[in-house]
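You will see chain A twice below: alongside chain B first, and alongside chain C after that.
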Partner chain A sequence: MTVTNAPSEVATARAPAPRPRLNIEPYLYLLPHALLFFVFTIYPIGYGLYISLHRWDLLSGRQPFVGGEFYRNIFTPGTPQADFFWKTLWNTTFFTIVSVPLLVAAALGLALLLHKPIFGRAFFRAVFFMPGILTVSVMGILWRWMFDNQIGLVNAARELFFRAPPIPWLSTEGLAWVPIVVGTIWWTLGFNMTLYLAALGNVPASLYEAASLDGATPWQSFRFITVPMLAPVTLFVLVTTALASFQLFGQSLVITNGGPSRSTQSVIQYITEEGFTNAQYSSAAAMGFVFGLFMLVLTAIQFRSMARDVKETGA
Partner chain B sequence: MTVAPPPPAGSTTPRRRRMPRDLPRFIVLCLLSVLFLAPIYWMISTSLKTEADAIATPVQWIPRNITFENYTSVLTSPDGNILRWTWNSLYVAAAFTIIHVALCALTAYPLARMQFRGRNAWFWFILSSLMIPGIVTLIPTYIMMLNFNWINSYHALIWPGISGVFGVFLLRQFFVGIPRELEEAARLDGANSLQILWRIILPLSIPPLVTLAVFSFMGSWNNFLWPLFTVTDVDKMTLPVGITTFSQRYVTEYGKLMASTTLAAVPALIAYLLAQRFLESGLSTSGLKE
Partner chain C sequence: MNRTLRRTALLTLLALGTAGAQNYTGPKVQLSFLHGFTGPDRPVMESLVKRFNDTHPNIQVRAQAQPWATTWQQLPSLVASGRAPDVAVINEDQITGFVARGAVSPLTAAELRTAGIDKARFFGPLFATADYQGQSYGVPISSVAYVMFYNKDLMRKVGLDPNKPPRTRAEFLQIAQRCTVDKSGKNSTQAGFDPRNLDTWGVSLYNNWVGARAAYAAILQNGGSLIDAKQNAAFNSPQAVSAVQFLVDLVQKQRVARPNSTEEAELAAFSQGKVCMFPSGQWYLDRFETQKMNFGVTFMPRVGGTVRDAAWGGSSHLTLPRQRPGYDANKRAAALAFMSWLAQPAQNLTWTATGSLPTQGAVARNAKFETAAISGVFDRLNSVYATSGFPWVGQVMVPFDQAWEAAYLGKKPVAQALNDGVREANKQIEQARKNFQQ
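Showing the complex of A and B:
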């Protein structure tokens, strides 16, 4: 290994204000990642745009330019692309609207229950966190079985406790969302809980002591100390959970396969169906861009909070 | 069973007041734990039942005739090999993790500790790629895999995500905080930059490196959408995808289905028990999710 920094004698022997020699060392470190970054991140973005503006037919091997045709299809009511794209985008949005408040509020509730020392705390933490390590297909198959129309555990429990008849969860429009939402909460609640537990640990105890000296009730301490002190982590949890919810794919694919009659199909499942099952790569690429633009707004919010993190440690 | 722990040092709360105040909280936590554990219990208990018992009404809360028949028939099934899928997942996740962490460390090092033209511009350029949602590159990357002839190969599962930028960000943030003096002392002793990275920066950065490795491994291990479409050859499938094809085949054989999901859950459960501390602390310090 050679040290590439120019020796100082050379500098004094030359002109009074020498340009420092270009040090290539840092660039060599960056090179491997940069090459892969261009091949697998930058290039596919441009390539995707190219694909979406051409008609990609793998069988004929020809890709004639069609301009914005596939984008127009998405925005022209009546085409199957428009009908299914917006329907499944709404499905995904509906899932996000329902699941995110539950995932944030319940995670905060669990964290508050577990924040102060209690017998068996490590065990409880592990119990709530553990489902999150299962892969989405294990989680999905399990919850499909839990909500099985005839003999699932949920219907069995309803029978046992309420003498209620079984409900055909998986084959009823609207109700089919219940196993997906419940399964997702069970699956991901522990992640958010862990983030909240870490944040609760950072709230200075002196604030609560001062408040209790002033005669604050527990509710007032929670409302005026805990909630504001947790605001940054709440924003983070909200945005990351919403981003994850918009990525809905595996849960509804495995639990309901998007049914009944596409009522739980996610937009990503529809895009993959259009691309891989129907071999309409150009149409699917165009949908990827439209949905990507939709997601960009949410991602930008998260990006801003990360950028603040960079500034704090000095860029 | 005693409920109240001894009061922590410095606590002014008298012991006899703690217990009744903690008891409702403890009971709520126990009930929630039962709810959280019920699906896991149901999975394992169904996997130990005979097919007739699995679908019997009223349901058998506790399996009456315990049998391992489902496990043996799933493990010897001609429709797919769970052990093979587990190996594929392990291989792909390990290869991905090693290459990814090495790439991230090499990239974060000059970005954190060297002065050079374009440093900040490059950092912000790659960082801004985090804003591009993955769905945008799904179809073009798939077509690239077709062109590379990488469909049904490990390459398709390892390379496309390898240049992720979050790890670069995570490591750079940590590298920036390492004291200058250590590096200067090593330089006076004649160390070159590679030696400084290897002997000083990396050994001091074990916690973020382990965090990144654990999350890279989990991310690859749990990846579902991409392997679902790029690998259709049964022998090349990863565990999450293979298990799904099982479930489509054994859609009404619940005992076998639950035996296969239990087997698929075992590696993750073991890994969780081994890496529990890293997982939870890494999650809360890095702000990483899923």
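Showing the complex of A and C:
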């Protein structure tokens, strides 16, 4: 220790480094964003934390400090928060587990098909992308009608082709997810597809040529060239799609309104209900923080595991 | 449109006169007026405000329309910071919550008298919607109700008198049974009737919150209530269970209503002449009229019991939000004059063009309604009850609507569905109470 420290001490003694002058220029460049960041991110987070720790109601004169009461409610069995927060969080997780693989796989599949110079390629690209420009209410009403228990197109088709009795999609637990998942895929597929199309265009054709000279089958080219080359985009698509899926709100709100018996209610819809229907702002804020933390951890895990893959495959 | 509107307005003014005191004589004041009529009703409200400003030179009302939900979120902070609008419109499901939290100031008997607002003029339960603990907090200007549409052609087809809508449970059940006919032409009372192959059916029941208002009406008709004297949820009383059981039996035993149905499906079925009776919000009136259907509108028959007539209603009330100390007394007097004017029969008649029901008997008796289908419910507008009077409407209505859904869909027996709902509601209420114990 002394040995290693000695030269630097000597060096300092010999030639004292000039005191670094505070250069404010870079901070000025950062200032505009920093201001917005503090006003719209840091301050609301701080204020939200304050709300979640107090019995907060602007109309009452006092906002008494209650400590972790609203956080404890979430973890105390028997409270409405413990019942519904975890139920709706599971609903949201279930939706994510089901829809993310479908959204990624289907988007990749479509991109592979539409990357080839087939007839009407631009037309099909537009067709698959187009639903994404609809608002969630339009998309939701559309799929609610398609899967209506009595008069939906799906039930009508079942009766026409299979003479099968109508299925009450919207009011059967489990089945109620079908219109939500199908509708979401139809609605958001095009965005991921476009990302994959752009990435496919960047894969050097020489790699495929080399592979075919070596006698690689199409599957091998796909497995050992396309998939690794697309890994960075896949990471991006996976993370953004998973985050978007966890923010499920509009689709289930419009299609099933969270029913039957809250079986398709998303956690954000429940938090909104707690805040604005029950006027329990502090409780809603507390649940918002727990959910936010959950998302943060999840994204961190996803990034770590995926980033390692990306690095290992050398892309 | 605008011209016709103005002409109608003028005519109604002449017809009804401008009775009542509008006696603000103080210095010129400006009032802010916040309301949520942002749809096709917006121009009607704006023309009314303009007319008020034109005829009241010393009061200038500046109206602002913004979506209801935004107002519910903003009003607390506006009141807390002393920047509340002088007059705000609050709806039936929010009013008691705001009153109990002190966001709205009471309208004293003296103030109402001075402003010429006579509560006896209005439909009783409608005016009482904005009452809390014996005090009045608002004046109704808009009203909707859960009514029952019936298809006259279909009733005639099955041999019923289309001009005799049901009033009692027995009459209702008889019509429902006669209207329920399977594809081979047998009705639900005949042997060999096949409920799985219906051609037409008796009544529309469905699973969303509007559908749940059928249960609400039935419970009140049977002498039940959503809450008890202590404002805890009580929609599992014996009266409530028996009333809701009757509705669920319409699906499961009588087979005169379709199981697993949705509002859209029943609405489409009614429009296509597949179902005789369609209980729903009166807001569908316009749609059936545009469609030139041969239909009638009647008050919800007493399906739940014989204690009283009852149906659900929604309403909008003019209120005076709490202001900072030292608020200009002239502004309050002017605001009361504005409220009084807007709630006058002449203005209310103009307002009914938006699809609102009359708020008072004098308007309901207007000649304009003599041939209107909607007048079929006017004989019982005094029996429309809003979900108000307790500060935790959300805590009660969400579990109530879910209890109806579970019972109607047959996922739980009626008593269990209602018990579960009450248990959940009371847990939520227990938490909500803490907000009021400071």
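By definition in this document, the second predicted complex is superposed on the first by the 257 of 315 C-alpha atoms of A that agree within 3 Å, B and C clash if a C-alpha of one lies under 4 Å from a C-alpha of the other, contacts with A are read in each partner's own complex, and residues count from 1 in each chain.
Everything below uses one rule, namely that contacts are C-beta pairs under 8 Å (C-beta built on N, C-alpha and C of every residue); 3 or more make two chains touch, one makes a residue touch a chain.
Here the structure is a predicted model, which is why all the values come from computation and not from measurement.
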Touched partner set for A:Trp143, first chain B, second chain C, both or neither: first
Chain B versus chain C as contact partner of A:Tyr270, first or second or both or neither: neither
Touching partner for A:Phe85 - first (chain B), second (chain C), both, neither: neither
Touched partner set for A:Leu170, first chain B, second chain C, both or neither: second
Superposition-derived comparison: chain B or chain C, residues of chain A touched: B
Partner chain(s) touched by A:Phe95 [first = chain B, second = chain C, both, neither]: neither
Which superposed partner A:Phe129 touches (first chain B, second chain C, both, neither): first
First, second, both or neither for A:Leu58, with chain B first and chain C second: both
Partner chain(s) touched by A:Gly259 [first = chain B, second = chain C, both, neither]: second
Common ground on chain A, meaning residues reached by chain C in one complex and by chain B in the other: 58, 144-145, 148, 150-151, 276
Of all residues in chain B, those that touch chain A in their complex: 2-5, 8, 22, 25-26, 28-29, 32-33, 36-40, 42-43, 46, 54-59, 103-104, 106-107, 109-111, 114, 116-117, 119-120, 122-123, 126-144, 146, 159-163, 165, 168-169, 173, 176-177, 192-195, 218, 221-222, 224-225, 229, 239-241, 243-244, 247, 254, 257-258, 261, 264-265, 268-269, 271-272, 276, 279-280, 283-285, 287, 289-290
For the chain A and chain C complex, residues of the former touching the latter: 55, 57-62, 64, 73, 78-80, 144-145, 148-151, 165, 168, 170-171, 257, 259-262, 273, 276-280, 283
Touching residues on chain C, where the partner in the complex is chain A: 69, 72-73, 76-77, 79-80, 97-98, 101-103, 196, 207-208, 258-262, 264-265, 268-269, 392, 394-395, 398, 402, 405-406, 409, 411, 424, 427-428, 431-432, 434-435, 438
Sites on chain A touched by chain B in the complex: 1-3, 22-23, 25-27, 29-30, 32-34, 36-37, 39-45, 47-48, 51, 56, 58, 110, 113-114, 116-120, 123-138, 140-146, 148, 150-151, 153, 156, 159-160, 186, 188, 191-192, 194-195, 197-198, 236, 240-241, 244, 247, 249-250, 254, 268, 271-272, 275-276, 281, 284-285, 288-289, 291-292, 295-296, 299-300, 303, 306, 309-310, 313-315
